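Same chain, two partners: chain A is paired with chain B first, then with chain C.
Right after this comes the complex of A and B.
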C-alpha cells in the first residue's frame, strides 16, 4: 500500500536490481553480513504475517525456525540431498506449527504469546537432553553447504528472500490478507461477516511456519552448522520481533528493511563492544515510542497519523 | 531425610519465587501492564547491593537497602520512561497499546541487561547473606540464610496483604484493578494510583533481587530467564491474582526441587514447563484467574 506510486516502485526496483549485482563490487565481509541479514529478513517477514495481519503475537518465532533448521540438519547427516532437506525443514516447521497452533489459537493475547514462548523453551530443552543426536549446546555440523564462496551464498540468500518476500507480500494483499487484517482488528465483526476467523488464522500460522522453517533450513546450509544459539535461542526470536516492529508492522516489506537495518547496525556498532546491543535496543525503543509505524510509516506519510 | 531436605529447600525457593512474581502480578492486576523488564529490575537491585556492600565496603545491611532503593528507582524509571509514554502516546493506536508495552519493556530489559554487562560484569554475583551459619533441623543442615529468606518473603507478602485489604490506600488499588473509570469518577487521580503501584512493585522486585543474590546468585545473562519464570508463575496462578501466584510459585518451586533431587538437576525446569502448557490449554485463565 505504501509503495503504490510508480515513482516508489521504480526506486525500489532499482535498489533490488542493484543489490543483485553487489557481489561483483563488494567485499566478502559485506556480502556475508548481508547474507545473514537476508535470511533474517525472511524470519521477520513471516513473523509479520502472523502479527501484523492476524494480530497474534508469536513470542517464539525460533520454535518454527529451529524446527526447520534441526530437521534439515539431521536429515542431511542421514545422507538426504540438500534441497530436499530444506523442504523437509519447511514441512517440519509446518507440522510443529500445526501442533502448536491448534490448541494455542484458542487462546487470546498474552496467553498465546506465553504458549509460543514455552514451546521454544521446551524445544531448547529437548535439544539439550538428546545431545547425542542433536549435538546439544555445542551444535551439529552438517555434511553439505550451499557454497563456500561468499558470492553464490549471497545470491542464494538474496534470491530466497526475494521469492519469499514476493509470495508473502502477494498473500498479504490478497483476499486472505484482508480477511486476516479484519480478524486481527475485530474478530467478532469478521466472524459476523461470515469469515471463519479460526481457519484463516490457522492458515496464517501455517504460512508463517513454512517460510520460517525454510529459512531455518537455508541458514543451516549457509553456516554449515546448526546450534541452539544460532537458530533457537530466545534472543534470536526477540531480534526477529524487534526487526518487524522497527520496520513497520503490517507491511511485510518493512520487516525485511528492519531486519537488514538491525543486522547492519549490530555490525557497524561492533567496535563499541558490549554497548552495541544497548544502542540498538535504545534506537528501537525510541523508534517505537515516537514512530510506532516504524520505517515504513516514516516513508509512507511522514508525521501522519494512522 | 531426603524428603525433609526437599521440603525445606523447596519452601525457601518457592517463597522467593512467590515474592518475585507477586509484584509482577500486582502491576498486571491494577494497571494491565505485563512488564517484561521484570528480571532486569531484579538484577539491577542485586548488582547494586553487591557493589555497595562489596566495592564500597558499606556492609551487607546498607548494601541490601541500597539494592531495594535501586529496585524502586528502576521501577519508577520503567514506568516513567517506557510504560507511561506508550500509554499516553497519541500516535500509538489504543487497541495496540498492549503489544507496544510488551515490546517496549522487552527492549528496556535488554538495555538494562547490556548496561549491567558493560558497567559491571556478566559474571554471576552473590551478596553475603545478612546472617551466616547453618542450623540442624531434624537432621538436615539448613543455612540460616535460607530460613531468613523464607521469613522475609512471607513477612513482606503478609504486609502487602494487610496493605491491600486493610488500609484505605489498598482499597483504592483494589478499586483501580476492578473499575478504573469508577475510581476516576470518585475523584481519584489514576496516575497517582499507578505510580504508587509501581513503587510497591519496585520495592518487592528489589527485595526479591537482593534475596536472590544472597541465595542462588544473580547475573545479567539470567535476566530473560528470571522474567520468563515470573511470567509463567503468574500465568499459572492466573493473571492478576495474587493468591494464585503464590500457589503457583509453590507448585513450580516444589516441582523443580523434586525434579532436581530425584531425577536430575539438568531437567529441573521441564516438569514446570509442561504443567504450564497443560494448564494454559485446559484452563487458560490459570488456577485462580478471573478472566
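Right after this comes the complex of A and C.
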C-alpha cells in the first residue's frame, strides 16, 4: 500500500494534466462529449456525498439540478450577468433543498427517498404549467453562453469539475466526512458519541444541493437552453444515480469516473441504436448486482488485503 | 468516644462512595410500549467511582432502562439527573455531550477507516465548521488506543481485528468522550477468560477516575467481581438492591431465576434409557463472524424423551437449535435417527421430522387461528389433519374459541399456544421449543405448562425445550442440560438441578 500510493498519485496527476491539454489535440466532437460528461460528473459527485456518506438516497437529484438550471436561465433572461446567474443557481438549489429536506429528513427509511422523487415530478409540472415564463416543454433559450468554441467550453467544464471535485473530496475526508459516515451507518451510535445526526445530514444535503445547483447553472450556459428533458427528467436523475453507484459508493472520485464512463459509453455505442441504451443499462445492472462497491471497489480490492 | 472522633465503624460498614452525592440519579423512570410497561417507576443512583450492576432476565426491562438513560428511547415519566441536572427526554447527542457515555454490545465501527480514525471520530466536536482534526485530537486518540490495548493495531482496519479488539475499540470510543457516567451493555459477552480479565481491569479504571459505571447483564455472576452494588429487575420493576451477595440470596431474585419450588415429574426412566437415541449432537461449534456462539456442544435426545436445555439469553440455545434445523452453519456432527444431517437444507430437515417452534413465533398475523393451523398441516393427508386439529383444540381449548380471530389479535400466551399447535400440526417426530415463555405473564405460564404436561403424558412425542425460565423448564423434563457461554456445563436429571447447578445460574 505504501509503495503504491505515490505511484497512484503520480498517474492520477499525469492524467489530470494531460486531460487539460486535450483541446489542443482532440476534435470538437470529442470535446463536446467530454464537456457534458464533466458536468455530469459534478452531479454524480454531489449525489455521492449524500448517499455514500450521509446514507440518504436522493431519488430526485434533478430536483436540485433543475432548480439551479431554471433559476440561472430565468435570471439571465432578466439581464443578470452570467456568473451571478450560476451562483444564483447554487443558491436556488440550496433554498429549495432546505425547504424540502427540513420536513423530509424527519422521515425514516425509504420515505426520504420517496419525497425527493415526488419533488421532481412536482417541479416538472410547475415548469409545464407556467410555460409562459419557463418555456414549458419546449424549453427556454438563454441570452448568454459561456463560449461558442468547443475548446474554452471544455476548459470551463473541466476546471469546474476539478474545483468541485477537490472541494467535495476534501470535505469527504475531513472530520465532517467522518461524522457523516458514522451518522449514515449507525445513527444511534453516532448520536451516543454526541453528534447531532440531523444537523450533519442536513449539512450534507445542503452541500450536495449547492454543487448540483451550480452544475445545473453551468450546463444552461454551455447548451444555451434549459429544458425539462435536459435537467429535470427522472431519466437524467437515474443516470446520475447509476453513474455514482457504478463508480463506487462513498468515494466521490468514483462517481466522477462513473459519470464519464456512462457518457462515453453512451456515445461510443451510439451506432448500435436501441441496443446502446440496453447495453449500458445491462453493464450498470451487472456491476450493481455483483460489484456493489463499483469501479473504485474493484481497484481498491487488492490493496485492501495488505 | 467524643462527637468529633471519626465514626470508623460506620465507614467500614459502608463503602466511602456512598457518602458522596450521586453522580447519576434516576427516579420514577417509566416507559410503556403500547399496553406493555417495559420499565415501571425505576429508581437507581450511582455515586462517583461506583460500579452498579443492573441485572434481570430477558425481557425484564434492563436494556430499555439503559436506552432511556441514554435518550435512545424517550421516557414517559421520570427524571435522569447527572450531577443534579435533569436530562430525561433530551435527544441522545445532547445527553452524550452532557457527560453520559455508552458501550454498546455490538459495535459497528467505520470499516474503511483505521482503528485510530475510529477513535478520532469520538473525539471530534459536534460542529460543522471543524474541517480538520487538530494535532491534539490525533495525540489523544493514540493515547487512548494505547490505554485500551489497541496500540499495536492502530493503523489496521476494524474488519481485520478479533472480536475482543472490536470491543476494546468500542470502549476506546466511550473513553474518548470522557463521560462522567458510563453505561456498559453486557460487558463480557463473547470474551475468553484472559480477555475478560483485561476488560475488567479497564472498567475498574473508570472507578479510580471517579466515573459512575452501570453494567447491564443477565445475571449477578457475570459482574459480581466488579460491582459495588446490584439492582435486579423483573417485568420492568426493581425487585432487589444490595451487594452482589445480598441480591443472590434475595428470595425474590431466587424465585425469578430458579423458581419458587422446583417441581419435577419423574417418569419411568428405565424405559426411556432403553429407547434408541433419536438426535445425537456431537462436538458442534458455531461462529458468528468472530464471536463463538457454540463451543463443541454435545448432547443427545432419546426417542420419547423430554429434554430441557436451560441457559440465559445469549448462552447459545437458539444457535444450537438453528444448527440442528440447518439454519446456521456449524462444525461437528449432527445425526438424526441414525442419519447425518450435514448438507441437508432446512426444508429437508423439517420434512424429516424435526420441527422448530422459534422464539419469535413467526405466526401469520393477518391470518386466522384456523388458517395458521391449516398452513401447518399443508403436507399432511387431509384425514389426519382433521384428527390432529380436533386433538389440538382439546389440548389448547382457548384456540378453539378463537379459531376465526386474526393471529395478531391474540394475547402473547395465546400466540405462543398457536405457534406450538401449528408446529404440532406438522406431525413432528422431534419438537424443538425455543423459549416459549418469552415475555409471558406468570398465569399464562401455568396454562402453557399444563398443556406441555398433557402433551408429554398423552403422546409419544420427543421434545427438546430451550428455556431461561428454570421453573418452566424443569417440571416436565426427563433430563436437563445447562448451557453457559456457548458450552454445556452441566447435565443431569432435574431433581439434582437445584442442588448442583442452581447456584451457578444466578
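Things to note:
Keep in mind that, in the parts below, the second predicted complex is superposed on the first by the 297 of 306 C-alpha atoms of A that agree within 3 Å, B and C clash if a C-alpha of one lies under 4 Å from a C-alpha of the other, contacts with A are read in each partner's own complex, and residues count from 1 in each chain.
Here, a contact is a pair of C-beta atoms (placed from the backbone, for glycine too) under 8 Å apart; a residue touches a chain by one contact, two chains touch by 3 or more.
These numbers were taken from a predicted model, which means no experiment stands behind them.
In the superposition on chain A, contact is made by A:185 with both chain B and chain C. Looking at the shared chain after the overlay, A:133 reaches neither chain B nor chain C.
In the superposed three-chain model, the partner touching more residues of chain A is B, compared with the other of chain B and chain C.
Once the two complexes are laid over each other on the shared chain, residue contacts for A:176 go to chain C alone; chain B is not touched.
By the touch criterion stated above, A:200 is placed in contact with chain C alone, chain B being left untouched.
Looking at the shared chain after the overlay, A:288 reaches chain B, while chain C stays out of its contact range.
In the superposition on the C-alpha atoms of chain A, the part of chain A touched by chain B in one complex and by chain C in the other spans residues 185.
In the complex of the two chains, the chain A residues touching chain C come out as 170-171, 174-176, 178-179, 181-182, 185-186, 188-197, 199-200, 203, 250, 304. Chain contact summary for the complex, chain C toward chain A: residues 70-72, 91-93, 96-97, 101-102, 104, 107-108, 110, 112-113, 117, 120-122, 124, 126, 128, 130-133, 157, 173, 177. On chain A, the positions that touch chain B within their shared complex are 51, 57, 103, 106-111, 113-115, 117-119, 121-122, 125, 128-129, 185, 234-235, 238, 241-242, 245, 273-275, 277-278, 281-282, 284-285, 288-293, 305-306. Residues of chain B touching chain A in their complex: 34, 82, 85-86, 89-93, 95-96, 98-100, 102-104, 106-108, 110-111, 114-115, 117-118, 224, 228, 231-232, 235, 239, 266-267, 269-270, 273-274, 276-277, 280-281, 284.
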